[in-house]
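Encoded as structure tokens, here's the structure I'll be asking about.
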Amino acid sequence: MSTKPKGLGRTILQYIPVLLIVALFFFPLFWMFSTSFKQRVDWYAVPPRILSFTPTLQNYDQLLSIAIVPLQVLIDPATGQPKINKLTNEPQLQRPSQVLPSDEYRELTRFNLFGQWYLVGTKSEFLRFIFNSIVISLATTVFSIIMACLTAYGFSRFPPRRSDNILFWILSLRMLPPVAVIVPYFFMFQAFGMLDKHLTLILVYSVFNISFGVWLLKGFFDEISPELEEAAMMDGYGPWAVFRKVALPLVVPGIATVAVFNIIQSTNEFLLAFVLTQNVATTGPVALTKFLPPTGIDWGGISAAATLLVAPVVVFTILVRNQLIRGMSFGQLR
Amino acid sequence: MAETTAPFASAAPVPAAESRFERQIWWFPRILLIPTIVYLFVMTVFPLLYSLFISLFRTETGRPPVWIGLENYGKVLSGGEFWYAIGITLVLTVVAVTLEVLFGVGIALLLNQRLRGMGLFRLLVYLPMMVSPLVIGYFWRYMFDGTFGIINWVINSTIGGLLQLDPPQWLIDPVLAAIAIIVVDVWQWTPFVALLAAAGLNTIPPALYEAATLDRASRWMQFRRITLPFLVTPLLVAILFRSIDTIKIFDSVYILTGGGPGDYTATLSVLDYKVGFTYFRVGEAAAFSWLIVILINIVTTVILRLITRSRRARLYTA
Amino acid sequence: MSNQAKSQFTRRNFLKASLAAATLAALPGTRRALAMQRESESGRKAARQAAKTIKVLALAWPSTATEQKLADETFTPDTGIKVELEALDYTFMEQRVKQLVSGKSDTYDIYHYDSQWLGGFVLGGALERLDTPDYLGNSKATIKFDDFHPEIAARLGRYPSVETALRTGKLDAMKDVPIYGLPWSLNCEVLWYRKDIIKNVPETWDDLRKLAKQVTTKDYYGMAFHANRAADYITVEYLPLLWAFGGDLWDAEKWIANGYINGAPAVKALEFMRDMWKVDKSVDPASGGWGFNERLNALLQGKTAMAQNWAPLFGNLPEDPKSSAVVGKIGYAVVPKGPGGRAAMFGCQGTGINANSKNKAEAWMYEQWLLSKDTQSALLKTLPAGFISSRKDLADEAAKTSEWHKAFVDSIPIIRDMWNNGDYAELLDICARQLNLGYIDKVPAKKALDDAATAQQVVYDSSPENPKNKKK
């Protein structure tokens, strides 16, 4: 802000509080991140070992290892003929434990390519859960932003009668504590046979995301001066074109903000995901509960899993950071 | 609330539209608003009606539900735990949100300087709100543990050792447990407030500061007269959302203390969960949920009034 | 438009396009993958004709992984039925289970349930009755209810329980009670102690208290409790003491709390625990917030010389150098006794068939396989599985498997359990809350327990299973 040249001392003085704050906020996450590289003996060490431990990749290996192996037909050593499965009269294939690299691998799925069966084994199903989280949060974010943009613009430019009431009602949807809705949603989706499906979570999350988006984006749309739009109309643009070409580009920072928050909330939501999914559409946070066996919380595993779960969110934020920070404004310069 | 005049406001829907343009004006607003409203209505009407319906019954395992009218509501309202839960929840909310606002503004100001590496610093500070509250709950619980936690190790190595204090048992003492919950909430969500405040800071025209410096206004005066007014709106929005979210708080409290010790830190959602999912008194839990919603409604209305009043005030002073 | 706006415009376009593309790609891609999966699965299914999959809901015990492996290797190829075990963490398991029961779900075919849940399951109609000609009564059945240790099997399988019969071992009073489940996983709390610090295992709780005080040093405590108010932590720690002093939780015949949960032995037991950290300073004060992890940790990291802990569940851990700092130093013994007797905390789980399942015949085949001598022996021999069999014919083998298996076998005659009726969750929560308040010395012990008695009586009086409510 000031244009005076800065002395070195002054610069250092400016950095200190910043670094302090960053350290304070970042330390617990650093602790979590470093725990993901620790072996079991180091987790509970007293005094706590911040940097003085031997790092290991086994926690990540536990989560990410994947093996694809071909399955051969089992031959009965006595007769030299394939062993037949008594129930189905088909040749028996090798057992997973015979072909998988180690005891820790479990069968995830098998597929047939050109007549040859392949077995996909993973040490953990975690990859599938992260994939679910990413898919679900992207889908609900895209859907919610589209709906929210349209609606926010509508409320901003064409406030219907009693729009304040309707807006308040939309906001109140965000006030619902998840505890209040899990039981009805459970029965409702069970009746439709939609438990444990990706679409279910997408629909449910979108309710909260749209509510948030409408509120935030309406503020942005309100700040656009009507003269811009009137000028466009004067040039012969129809209302839809005005929306697309004039209003929308100006609220891009708002869209980016809403997108980031939607992704964060959808990736990290726990209670609804736990109740409405079981195994197929399970998301990351629910998978994290699998690291809590009574034999002791698997701190290495849970921190590795949490790091992997937050990675897509961070990546997304970095991608849109320019839209977020520069030019994000609640007011428009005329 | 919005003081902008829509360019199309004068174009009232005309049934017999002549030009294609005028026909567009007619269905355009409807296409904007109706899909969302219908979607939200459909997705929420059933759960709300269902929970309202079931709140009028007494449900027990093995027995069919019994109609008892509003007795569940009476039971919840007359139970001491409910009022205590409201008390502790409101205390947590007020303290946490206040701290978040104070720290958030401070951090936004600090991070607004043009220093090298600021982008990275900002990302690191915003990280806490990107991590799942579940994980954060577990890690903080581990850090707060009286024997194995790193916080007590730091305390013992410095102040505690000097003053020969007993290590504080964070999650066992009711007051310390509440403080622990506040610490975790503030840590995770101050970045959120800082983000919104930073946005507000970006809207301030630098010309104002230059003019103020020319007029030899002090830094504090500049802050009070220039910076703060531009921060009021984003901060009020932040307060609105943080208040709603903190009243609803569940994940971190449940993991950190489980509502304990005793039931001293059982916030509204935690208590609701316990009634509904541990005792499985679903009817009573539904009544409880409705009471929570009403409470949040009241709080939100109050805050919204403040926002409206501030916007009108800004109009007059701008 | 300015250059900045233009680049924002194109970047925004790019982002939106890529997002949309990603989602669109993901959806059909996922659908295609699922379709391929379904196709190949249906191909396999067609090939297998009568093939089915049964799903088992289990607790995330170490033995679950071994069970899955054995099922994949032995059960599936021999019968053509695929088995999917799903393990859930204990904290969240209960909520999931209650939902499944109340929703009459048919997702799982078999439930491996904790002993306290039996009442809720039976009342919710979620367990299939097994003492019928379809199952145990069938002439072709390969397992019999008598194959298992009688007290354990009765506690886990027969409902409603008759507490006096279970206590005295005279089970004739229960021989007509319906059977809903069979034993699955057995555990009880035994005394874990450091062989290098403690030379003579304490016989009574008073001995233990004196010993703990003697051996406490700057580096470690003499004893550890897990006294957290959540779940059943403090209750499970407390009950063996309560029973050893001659007390009881309630009058199981008349459903009365007063005089039991707040009787003299009950107060004495709570004050005993409290004074060990408060007065003797032989227990870590942080124990008021400890759960499984922390207590186990204290043992494995050498922070305590003694503690009650589950066996055989955790039994193998001290020997694992990756987790333990005390390899080879942990010994196991039966819990100490008191003036009123000796009792060890029951921690067993049962297994039963979901009454709403569509694959009951296949589920029954699985149960017979699981409880057969071969399978049980295989599980028993896998030490990291922390498993001990409930079959009587494997008792000798069990005792010889390891030190901690032997401790369990020695404890079988004295195992006792808490409530297992439909209201147990609320009773447990009240008990835990009040015990915790008394333990951390926020409330005097007698008052804490008096409050517990009052609150619990309300639950007893309104329970549909209370005999005086049934007569109506």
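Just so it is clear, A, B and C label the chains in written order, and each chain counts residues from 1 on its own.
Everything below uses one rule, namely that contacts are C-beta pairs under 8 Å (C-beta built on N, C-alpha and C of every residue); 3 or more make two chains touch, one makes a residue touch a chain.
Keep in mind that this is a model prediction, so the values were computed, not measured.
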item: Centrality ranking, top chain (CA atoms only); value: A
item: Maximum inter-chain contact count - chain pair; value: A-B
item: Distance-maximising chain from chain B - centres being C-alpha averages; value: C
item: Mean-CA-position distance for chain C and chain B (Å); value: 37
item: Centroid distance [mean C-alpha coordinates] between chain C and chain A, Å; value: 33
item: Whole-Å gap between the CA centroids of chain A and chain B; value: 20
item: Chain C, residues touching no fewer than two other chains; value: 297, 303
item: Contacts with 2+ other chains: residues of chain B; value: 147-148, 282
item: Per-residue overlap in chain A, given as positions that touch at least 2 other chains; value: 44, 46, 187, 289, 297, 327
item: Touch list for chain C against partner chain B, complex; value: 94-95, 98, 101-102, 120, 123-124, 228-230, 284-286, 288-289, 294, 297-298, 303, 422-423, 425-426, 429, 433, 436-437, 440, 442, 464-465
item: Touch list for chain A against partner chain B, complex; value: 1, 11, 14-15, 17-19, 21-22, 25-26, 28-29, 31-32, 44, 46-48, 147-148, 150-151, 153-160, 164, 166, 168, 170-181, 183-185, 187-188, 203-204, 206-207, 210-212, 214, 216, 218-219, 222, 224-226, 229-230, 233, 238-240, 257, 264, 267-268, 270-271, 284-285, 288-289, 297, 299, 302-303, 306, 309-310, 313-314, 317-318, 321, 325-331, 333
item: Residue numbers on chain B that touch chain C, as the complex places them; value: 60-63, 145-148, 166-167, 169, 171-174, 258-263, 274, 277-280, 282
item: List of chain A residues in touch with chain C within their complex; value: 39-41, 44-46, 85-88, 90, 92, 95-97, 106-107, 109-112, 135, 138-139, 141-142, 186-187, 190, 198, 249, 252, 255, 274-275, 278-279, 289-290, 292-297, 319-320, 322-323, 327
item: Chain A-touching residues of chain B, taken from the complex the two chains share; value: 1-2, 4-9, 20-21, 24-25, 28-29, 31-33, 35-37, 39-40, 43-44, 46-48, 50-51, 54, 107, 110-111, 113-115, 118-119, 121-136, 138-140, 142-143, 147-148, 150, 153, 157, 187, 190-191, 198-200, 202-203, 205-206, 209, 230, 233-234, 237, 241, 244, 248, 250-251, 268-269, 272-273, 276, 282, 285-286, 289-290, 292-293, 296-297, 300-301, 304
